[in-house]
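Two complexes, one shared chain (subunit A), two partners (subunit B, subunit C).
Right after this comes the complex of A and B.
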């Protein structure tokens, strides 16, 4: 899994490339935690290049959103592929996480 | 035995296997004909040499869980379910139930209520599984139903397969609850449409799930469709809630297999079973690379 971080006005975009699963989840959590710990709790998870998520991936997202909200921010998802969105819907994540069609919309939601 | 609603109760269970390796479970949830996708999934797992340590089934999934656990070949299983699950099953009403519902002062209402005459489904289950017991299964098999009187999840793992499947598919309002011993059972989906917890309880640490949201009726034009609609609403909300809980509360790896159907698959679309199996195979192929890595197998 490749992770790229980009600072934008109002939010930090974390772009993920690969699967969010039991093998990559610790790396993802660490990347998000680093941002939150560095004073950037307003996070956008760009999932445009994520083709799969398992239960470990869901746990990583939940851990991050709780952490971000405790620090006054949030984790919002952008550009989620249909196959990943179906897992998020099935597990009820779309009722607790805000999902946006693209990164710009997700970033803008923090300043709206 | 736990007594709270929703708690799992074992009718009889197999001991969990000892060992430090992965224990792979296949959980086939509710979904009527769509559950045939499990046969496609099983084809892929067998081809890849991925052994299943246990099979768990619920509602429509109980039919396919039993077929897979018994080691019945995919072609034969497909043919068996095409013969078993047809529109004809709901054609005949259970008039005694209707009279008891409409005229309870003349015909006292009984808890064994169902709008459909269930003799045909029982006859067909007997033809398909009549002589078989859980003990004959090649893979440990667990089928779930719901205790009508207290809402507990009940896990069948021994005795008659016909009784367990009939209990597991007792769709509320449609098929009458089914009595086994001194307990009355309704459909397994009423406590958990995708019983991942059963696999976790029995020591699985890699759980491949196949389950579906129930389709909603386009138009509700009969009492039966009204009943199906209510069941779908309850079942789908329960599925999401329980699935979220199991994903987040345990450290077990749960891999959802989600076939993509380009066309609507209704409750009795048995003519679409070959297509459903194909989509199950395709969906399994998509998850295969991660499953292989998880099991320490080398990807080609």
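Right after this comes the complex of A and C.
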């Protein structure tokens, strides 16, 4: 799994590439936490290149969205692939996380 | 945890070989990951890492994945049931893996045997291509 961070007007985009599992999830939590700690709690998780997540990835998202909201921000997801969306739906995460079709829409939602 | 990825790939490939569609391959990969990760994170926690065995078979339109281990017995019926109808602030991280396994498979059996260890059997129906 690889992570790239991009500052955009109104939000910080964290793009994830690869599989999120028990091995890689801690790295994801750390990347999100670094942004929140650095004063960027408005986060977009770009999942366009995520082909797999287990519940370890869900726990990373849950921890991050709680942390972000406590700091006045949010975590919103963009470009989620169908198989990963199925995992989010199975676990009831689509009711706690906003999902947008693409990164631009997710970023724009923070300034709307 | 590295081995969990190997089990995952093994089951995904085996599902493809028997002609299951990609969504079934993905789901079976996920359930194997969840069951094996639980063994690594909880079953063998605080003790010498023990063996985990994963086997795959197909009979007709059913895929069976069997996972064996020698950790202290843990019946999936005892896993916490996550609340999925509450806001994020009230969500707890535990039990999500077992929840997804229950949602995905058509049948699940668990046996704990003092001599032979534990055996989790997960059965999923599929439409052969």
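Rule of thumb we're sticking to: the second predicted complex is superposed on the first by the 112 of 112 C-alpha atoms of A that agree within 3 Å, B and C clash if a C-alpha of one lies under 4 Å from a C-alpha of the other, contacts with A are read in each partner's own complex, and residues count from 1 in each chain.
The rule we apply is simple: contacts are C-beta pairs under 8 Å (C-beta built on N, C-alpha and C of every residue); 3 or more make two chains touch, one makes a residue touch a chain.
Everything quoted here is computed from the prediction, not taken from an experiment.
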Are subunit B and subunit C a fit on subunit A, or do they clash, once the structures share the same frame?
clash
Touching A:66 in the superposition: subunit B (first), subunit C (second), both, neither?
second
Scan A:111 for contacts with subunit B and subunit C and give back first, second, both or neither.
neither
Have a look at where A:52 lands relative to subunit B and subunit C in the superposition and call it first, second, both or neither.
both
Of the partners subunit B and subunit C, which touch A:21 in the superposed model: first, second, both, neither?
both
Partner touching more residues of subunit A, subunit B vs subunit C, is chain C
With the two complexes superposed on chain A, say which partner A:87 touches: subunit B (first), subunit C (second), both, or neither.
both
Offending stretch of subunit B which, after superposing on A, collides with subunit C (from 99-107, 117-125 or 207-215)
207-215
Subunit A residues contacted in one complex by subunit B, in the other by subunit C
19, 21-23, 52, 54-56, 58-59, 62, 83, 86-87, 90-92
Which of the residues in subunit C end up touching subunit A in this complex?
1-2, 4-5, 8, 22-23, 26-27, 29-30, 33-34, 37, 40-41, 82, 84-85, 87-89, 91, 93, 96-97, 99-100, 103-104
Within the complex, which stretch of subunit A touches subunit B?
19, 21-23, 52, 54-56, 58-59, 62, 83, 86-87, 89-93
Of all residues in subunit A, those that touch subunit C in their complex
19, 21-23, 52, 54-56, 58-59, 62-63, 65-66, 69, 83, 86-87, 90-92, 95-97
Along subunit B, where are the residues that touch subunit A in the complex?
213, 239-241, 243-244, 246-248, 250, 252-256, 258, 286-287, 290, 293-294
